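Have a look at the structure that comes next, please.
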Amino acid sequence: MNRVEGIVPPMVTPLLNDDALDLPGIENLVEHLISGGVHGLFLLGTTGEGPSIKQSMRVTLIQKVCDQVQGRIPVWVGLMNTSFREAVELADKAKECGARGLVLAPPSFYKIEQHGLYRLVDQMLDEISLPLYLYNNPGVTQVSFELETVARLLPREGVRGMKDSSGDMIYFQRLRELTEQTETELYMGPEELLMESLIVGGQGGIPGGANIFPELYVAMYKAVTSGDLDKAQNLQRKIMRLTKVVYGGSGFIAEKVVNGIKCALQALDICSAEVSKPLDRASEKKEKKIRELLKTHIRSG
Amino acid sequence: MNRVEGIVPPMVTPLLNDDALDLPGIENLVEHLISGGVHGLFLLGTTGEGPSIKQSMRVTLIQKVCDQVQGRIPVWVGLMNTSFREAVELADKAKECGARGLVLAPPSFYKIEQHGLYRLVDQMLDEISLPLYLYNNPGVTQVSFELETVARLLPREGVRGMKDSSGDMIYFQRLRELTEQTETELYMGPEELLMESLIVGGQGGIPGGANIFPELYVAMYKAVTSGDLDKAQNLQRKIMRLTKVVYGGSGFIAEKVVNGIKCALQALDICSAEVSKPLDRASEKKEKKIRELLKTHIRSG
Amino acid sequence: MNRVEGIVPPMVTPLLNDDALDLPGIENLVEHLISGGVHGLFLLGTTGEGPSIKQSMRVTLIQKVCDQVQGRIPVWVGLMNTSFREAVELADKAKECGARGLVLAPPSFYKIEQHGLYRLVDQMLDEISLPLYLYNNPGVTQVSFELETVARLLPREGVRGMKDSSGDMIYFQRLRELTEQTETELYMGPEELLMESLIVGGQGGIPGGANIFPELYVAMYKAVTSGDLDKAQNLQRKIMRLTKVVYGGSGFIAEKVVNGIKCALQALDICSAEVSKPLDRASEKKEKKIRELLKTHIRSG
Amino acid sequence: MNRVEGIVPPMVTPLLNDDALDLPGIENLVEHLISGGVHGLFLLGTTGEGPSIKQSMRVTLIQKVCDQVQGRIPVWVGLMNTSFREAVELADKAKECGARGLVLAPPSFYKIEQHGLYRLVDQMLDEISLPLYLYNNPGVTQVSFELETVARLLPREGVRGMKDSSGDMIYFQRLRELTEQTETELYMGPEELLMESLIVGGQGGIPGGANIFPELYVAMYKAVTSGDLDKAQNLQRKIMRLTKVVYGGSGFIAEKVVNGIKCALQALDICSAEVSKPLDRASEKKEKKIRELLKTHIRSG
């Protein structure tokens, strides 16, 4: 199995309502992303509202996306369940549908310590056969993958890499040091740090905004990997402007990310702007700003 | 429906393994608690490993316990799901089985703000018909029910009371002030504060240790409500000693509470000591200390 | 030297402005407190704006208060300096002026770990001869005295006791367990927990509100120690009402405590309401509420 | 007055003991830094143990360093006092000695809110005449300069720029956006992010390691500003290796930074390794590692 490198958007989950997927929206979104040149898809993460939708909807989403993708790019599935057994169920389903990777977050309810985190990953490796990516997002789960723990986990067979959403570039560089000369893949979560992470040697990013403008993030990936720093800095300014508007307004950060992306995707006629509880939709004021941004952005290329 | 007052243990969930309930253990435990004089049972909370077991096991547990209880005391069901829809499913099942209350925690994954918390409770009230108790446990969920929010929620029809596990006695007294002259029921989570909470006017407690020695906590309830402070102070010293051992050892707090209680219950031949992931069982060293405590405690009455 | 038991107000520091003490205000306040029956005075703590005023003003304050007190009750001096050497200077001055105890907080700038905290207390014990009280206030200093550290420090010669402002009644009860059968004195910081702390065996309290109504807190001390729980509960309701108003309004908690107390003391013609930077004075709205409270309180006794 | 751009080491404060400066060490260190090409010096910050030494030693240090520098490069003085008046005293002294800038941290004891922070800076601007830099270090002070507050403060006359030690590169980029097209100077605190910060448009850095190897950091500054990314990446690896050793071992982060730098400087015969309380010296084990690093580093250039 080859290494994945590049842009792997954390796909939002198009919804008709709290209880039903927006199936045509899913088709549109998958095609939009693939035609935008992304290198993979990551389902059911924080941006994908993985923890909020029902297990049965998670299963349907995996099936539907894998069917639509038809192996054109790899699909990763997030395991964000508080129940280990339900995470394993999802992992089995992912394997069955042809997904190519799993992304495991520490459970959000019980705040396990480092040895418990090591043990949990170990227990998960016993149950799954797809490559595993560790998902570090202490702002959400309140549990960090400390460097000592990562140093023990990354060499384990079955662990392919890590998605780091801590926003801590020092930590990311320490991960890079740890994994130099290995096949481990490191992905940056927050897109505001995508350029920096690629410069210091990350393999790619999982930028929410790539749901909207996949080409922009693919271009960033190419600019840095081809050594064109001027272009990268230019693209960086665009990304910073985009996130300021799309992730702006009121609410907490994950809420603003999800409702902003979905609002933009609806404005682009790709899928519904509906979000699942406990999140709230973007306000009208935010929607207006997003529509203006989209116009400007599209006009300016 | 009458007010519940008194001791409502957060029942641990007897397990054979990660994937199967210990059904005879459940029967034993329910009978142990009822014969110990408790005033209600609270299922699927933090101590009940609600978030860690599969939804289908949650449903079976509710059914099984309600069947066993046969209406002798009220049963409350915890809604700790990250998915609102799965919480509603559980609420429906609880109603169908004859449970008498629901206990709602903010979802643990997305850290909603106060207006989102208000909205979520509001949305839940639209979906359920059993009385609702708010569950404040910011150490676990990272989301507090701030006093301003509580002041708006408690008067809502359908909201019967609150379980406060913040450990913050100033907050608890402010809750008391807010609800004076009302029917609202306030329950204290941490048993180390049970005596104090009853003195300042709480209606009861949800003490983990009552899984082991229900009479001890019932006696405390009676001592304070009958004005026998000397006796209460005596019982308080016992509770402090018990929790020091049972909740001691290594691990994080919820882990130590669950594995200590289950270890003690196995020593008393009531149910299995098995815990579900990501928790770990009590160490042998801890088990030994618990067995000694049990002997002393039982001998001394 | 005898044990101190009872009410030791954290005296506010009367100021003319940021740079000058309100000397007549200090005299009035000291007399007001002594005639109110308090058992000691604690200078230069969080409520005393110890960290905000100049070292030279701290020295003058100690001198002035000791001169006024004339040994009628013990005076304790807070060491809140970020500089160890300046703390020692203050300790020397306190000794010279006749103070009877020192209250040491971990430095607020560098967030030392537990072994560093132990070492620091150890180093301080080498430099001072007055009895030392440990000051636990993690909300302010971000450094807790963990129970293991306290267990090593309290038996040290020279360590007389502890002031716990954590607001954590479970912790306070664990301190009580640790010090049973010893001469160690435990004082409760937040007055909302004064009653509870006395019930579980604390020696006294350091309640901010005792600056305003020393008799109220002295009465609480007597009610609990004489076993009159009904009276204590009555007084507790008064204390809760008082703190709600006096510590209410906008600002952060220490700010609201200090400006509320000083506002009340000015309304009672005892001293100036001036506060030092970075705190802000009580708003006019808050002042109005405080004046109303004072009227009601005084009328009702 | 011209803009400062480049490397401004947070100078450690050479000490003979807790109570006395290492005056020859100060001379050596200043000459070492100037001959290493640094663009300025920052005294009495977190790395400079500003909060821990006595006010009189702070004054002597400012005098001594300014005398030694003789205007060759600008000197900035940190105002980390908990007492506003003592901060103003220091500012006056800095001005008198010829310092060229002041660096203000929120007081570490009282955790002021954003409007209080704004007010405090405003009050400080009334008292000082040297250019002011805001010092954002929430890990130490627990008070962040939120972007809304910064947006109001940076345009104020007298505010020249900001030192950001939050370690948050997203925040730093938002600062950059806020200040585009202005004269505001942005400095990066943690040296692990120096390269990234210069790439996204920062004016310079305040790297602790520049106390040891000023040329290394000056070279990084030049590499990025001249567009030589390959060289920058190379230097970055060296910086990461250096900080891993020098800031390694046990203790909390500021402690490890200070004792590591001083240990290295003593190994280089520049000044004493002594630190002031509450910090602890580097362990022998750490010292050994640092000495090895120094040999390798010096050999490899």
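Just so it is clear, A, B, C and D label the chains in written order, and each chain counts residues from 1 on its own.
Assume a residue touches a chain if its C-beta (ideal position, glycine included) is under 8 Å from a C-beta of that chain, and two chains touch if they have at least 3 such contacts.
The shown structure was predicted, so the numbers you read here are calculated from the model rather than taken from an experiment.
When the partners of chain B are compared with those of chain C, no chain appears in both lists. Of all the chains, the one whose CA centre sits at the greatest distance from that of chain B is D. Each chain gets one centre point, the mean of its Cα atoms, and the points for chain A and chain B are 36 Å apart.
Rounded to whole angstrom units, the spacing between the C-alpha centres of chain A and chain C is 50. Not a single residue in chain D touches at least two other chains. Residues of chain A that touch chain D in their complex: 167-170, 173-174, 177, 190, 192-193, 195-196, 199-200, 227, 229, 233, 236, 240, 244. The touching residues of chain D, counted against chain C in their complex, run 18-19, 46, 51-55, 80-86, 106-113, 116-117, 119-120, 123, 140-142, 251-252, 254-255, 276-280.
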